[in-house]
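In the two complexes that follow, chain A is the common piece, with chain B as its partner first and chain C second.
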Partner chain A sequence: MSIAENLKVKRATKSSWAGLVIAIVVVALLAMGPYTFGRGMQQNLVILFSLIVLGTMWNLLAGYGGMVSIGQQAYIGIGAYGLVYIADTLGIDPFIAVPIAVIIAGIFSLPISFLAFRLSGGYFAIGTWVIAEVVKLIVEQMDVLGAGSGVSFMALTTLSPGRRIAYVYWLSLIAVVIAVAVTYLLMRSRLGLGFTAIRDDAVAAGSLGVRVTRSKRIVYVVSGMGCALAGAMIAANTLRVQPESIFSVQWSAYMIFIVVIGGIGTIEGPIVGAIVFFALQQWLSDFGVWYLVILGLLAIIITLLLPRGIWGLISGNGRIRLFPVGYRIANPLEKFALIKPAATPEE
Partner chain B sequence: MSSLLEVRGLSKRFGSVVTAENISFDVKQGTALGIVGPNGAGKSTLLSLITGVLPVDAGTITFDGRDITKERAANRTKAGIARSFQIPRPFVDMTVFENVYVGAAFGASQHGQVGYEAAARALETTGLLHLSEKPAGSLRLLDRKRLELARALATNPSLILLDEIAGGLTEKELPPLIELIRGLRDSGVTVVWIEHIVHALTAVVDELMCLALGRVLAIGDPHEVMRSPEVIEVYLGSTFDLGEVS
Partner chain C sequence: MGWLNAVVQGVLLGGLYALLAAGLSLMFGVMRIVNLAHGVLAVVAAYMGYFLVDKLHWSAFLTLIVVIPAMAGIGYVLQLGLLNPALGRGGLAPILVTFGLAVVITNLLQQFFSADTHSIQTGTIATDSIHITDDISIGVFSLLTFVVGVVVIAGLQMYLSRTRGGRAMRATSDDKDAAQLMGIDNKRIYAKATAIALGIVGLAGVFLGMRTQFSPTAGDATLIFAFEAVIIGGLGSLWGTLIGGMVLGVAQAVGAQINPAYGILIGNLVFLAILAFRPTGLLQKAVNS
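On to the complex of A and B.
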């Protein structure tokens, strides 16, 4: 009678195959962007892409790793400054400089994690912010990085504007695909199962053999690298990096808003959240201060009415999953409802 | 038979509250040890010290001939020590199956099909298989307790520590659980079982230990321990509640 020997576990669902097709079509259409969209539109979309990457990375950290950070702007800044320094000062091709900047952010995030992980909960959140401020203060002391007034990104200005904008656009589109794919593959792996367990109950996860601190460190480093990738995109898009804006805590507010309204703990949520946030930003930009008031109100309303965010509403509380990471049993289980616990663990 | 678990001089205090004071005992391979004691005796703390959730202040813990006193909790699980929590700690946003698969994938390092089958066997053993697809957060107390046991079993333990697994169960629900734990012991798994329901314990365990205020009051044959005057006075005779330390 044992179901165990012929147990079938499904990782993908019908909606996920549909999701893969939709994702490929959307990315393919977006890849035509430079031929169909104007320059302004492309630059705007780069902002959207960077928001998707940032939301995805904050969700990885908080939604899957259970770490609420308000200091990820440290890595946005490291990515942005890293790109400018490596490309302009060291003279390395900007498109090679981007992955190098991302790796450097990863190298920085490792020792920082040892510092930040001494704190937990609210103290961790505040601690990460303090660390981000410290990174900003250090950068402001470095003349080679333009100190307090910042630097302009020159390496790309040798290209014609049309070409430059198109390259940055494609780079950003690739970045989105990488960020979402890495998050998906990570969450789908055994490590991801451990992350989800840690988020729900770290003590129980540890007692089942999950290496809690090591898992959290992996999430933290990956998230830092992803934020650095977004930082590099922002620098390449605006061609100017200033410490006050690139290390602004506002980035954390954006990331939290995107993840909360989109739906925390899902891969789709931050993508939806970033699109909504970006649209609101565009529409409300004429309203001045009211823009922030409306954003705040919206965040409160959605948190109260839709705890699983907009994606939770669209997906019918998780019934539709474009990026499934769970383990579904394919065998019929109904007939086991009446079976009493067996007397021994053996069959 | 050799001892699977050797505890020597274990001590732990929280400020001025002593929860373990020079505790020493052995559990032989393939036997079951029951632990009784009034609330606040330090029973749950003792399990937390053995599993590595809490660091010890003094003393040593030897498991399977290896000193694990300073080993991380996750590594102790991988070495074969599993535990069920007194207050169930399910991963609420995961399904019941996923909860148990965590134990197989990490605790027993069995992933993929082997791990799925191990998880399904643990669910079958504990009578939870039909609930596999339910979110763990939706389970009632009895099933949450079973889930604790299923997850622990999925780690393929050689020593299982049960913390009031029968607490809150009805008289009807008790016999299958007792049979289950006896079956575990008979299949070679060493059991350490904390329980207030003494007749459930004495039906299974080979030895009984009584703790009070962090000290070992008596250890030995279950019936002799329950008859000893100190145990009767401090445990069965006492009416005051010191509050559970967990």
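On to the complex of A and C.
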């Protein structure tokens, strides 16, 4: 009987059970938002929710998949335009149009991944940006999508403003829960384990049977779909989609800052980062674009000096895990050795 | 027959793209850093030139004797202060740091120079042209840019292949640990490479500012065009970068000839086509990334 057989491997921790309870309470409280918050507050929270979804999706790509994209705005735009076109022009119910737009983004992202994956590292980053620019330039030539001046989202305007804002708010809250849950489940699965191996040594992982490119492609497609979901939220919140703003590289800057500042490679990080980003943006909104200067400097400093971000500080470098994706040994060897000093050979 | 003219203008434009791309190519070649702030740094050089010409009334070409050394100095400090530490932080860090830097610089330019467009006044050279046939006339400035582009690429190639400093850079690029054992100080080599890269960016940025109007966000398109020139030409080949710049320039000029709105789109599509069908670029040299 070896020692290893007596070891228990578990995934959840005390902090993760507490985290689950906290998460349920927070979501339940937020779900009552339309009854307690004003309309302006709800619309602001939708912006925050879309930032959390975007950060979570960018983190999935870079934090787990090791792919720095600065072109996810392609999918934000596809989601936003997809929702408006499907709901307004095709006349499908907006709340069904959202998942359809998300699926369309997924269908687009698959062939795009074959092109983008020909590049790696920093060149992958610029390559994704070029692809986003191409999508924008093509949309700007399409009259059905309002060409250069964009489109207004009309389908929801039949509702009373209060009702419309509440629906969009709930939809966005659901989107956040889905984005975080999907990331959590993906990273807990075999795929997540594979990514841990790829992160440590891609060649070794490949030789042990981890399908590196396939895993990356799955994450790329899921991330594109998540960004499209955020794009649909943004369109439903602002009721206007313009190519220059929805396909702006600014979104990528937001995502990167959110993830880097919050803590790359953790599920909690982008949530914390989005809240910090949103607070700074609101707080410094009277001072022009200074918030982007401050956030950029913060991102550089954190990358160099505090690579685990703010969540790394809060959690004591990962001791507190609200979303446990790893494996831990319930009764570590040293403890085991104290209880049973000599591992007596039996039989 | 505007087509032939479009091709000629495109080739000449390629010289500017090659000039803009040479620094990007050099930094990647020596230390595998893709500098995402590359484009906005060219715009910083353009603003330096604009400031000297517009506020201090220097002549446009004279600004180069200040802008090039200033940009080279920025490059040296940037490498020692930010990029060397980032290199020690693993694969994502240099990308994130240079991206953060690009956003910071773009927004600082916006604060200090507003979002308005500016250009560097050059006098009569901007409009002088050489008459070839009835359809084709070559702008003196375009031709000068092209010649400077070719000379810079040739000079850089010569430096890398013939000089002691260039040899040290290639050695570091091939195997930095072995190079260090031979007495090469990698960090200094990297700083020197970035200084040279940004010196060229300084030159390219001033030419960019003399050629077109620019605003703080012009760095985005500049980075994209430089990157496309590098990839079309093939990673690791400076002459490839020149060819890549020319292919991109011709694609954009011919695209714009079809419809003025299509120029940049066609350039991007040609780039994507090369990526799809010839991902190693037109002139490829073996490079491990």
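Here is the rule we go by: the second predicted complex is superposed on the first by the 323 of 347 C-alpha atoms of A that agree within 3 Å, B and C clash if a C-alpha of one lies under 4 Å from a C-alpha of the other, contacts with A are read in each partner's own complex, and residues count from 1 in each chain.
Please note the rule applied: contacts are C-beta pairs under 8 Å (C-beta built on N, C-alpha and C of every residue); 3 or more make two chains touch, one makes a residue touch a chain.
Keep in mind it's a predicted model, so treat the numbers as computed, not measured.
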Which superposed partner A:Pro99 touches (first chain B, second chain C, both, neither): neither
Examine A:Val260 and indicate which partner it touches, taking first as chain B and second as chain C; both and neither are also allowed. second
With the two complexes superposed on chain A, say which partner A:Val289 touches: chain B (first), chain C (second), both, or neither. second
Would you sort A:Thr196 into first (chain B), second (chain C), both or neither based on which partner it touches? first
Counting only touches as set out at the top, which of chain B and chain C does A:Ser120 meet: first, second, both, neither? second
Touching partner for A:Ile138 - first (chain B), second (chain C), both, neither: second
List the residues on chain A that touch chain B in their complex, please. 2-5, 7, 9, 190, 193-194, 196-197, 199-201, 203-212, 265, 326-329, 333-337, 339-346
Using the touch rule from the top, collect the residues of chain A that touch chain C in their complex. 62, 66, 68, 70, 115, 118-123, 125-127, 129-131, 133-134, 137-138, 140-141, 249, 253, 256-257, 260, 264, 288-290, 292-293, 295-297, 299-300, 303-304, 307
Sort out for me which residues of chain C touch chain A in the complex. 28, 32-36, 82, 85-86, 89, 91-101, 103-104, 107-108, 110-111, 220, 223-224, 227-228, 231, 235, 261, 264-265, 268-269, 271-272, 275-276, 279, 289
In the complex, chain B residues that touch chain A: 51, 53, 72-74, 77-78, 82-83, 85, 89-95, 97-99, 101-103, 105-109, 111, 113, 116-118, 120-121, 124-127, 129-130, 132-133, 146, 151-155, 176-177, 179-180, 183-184, 186-187, 189
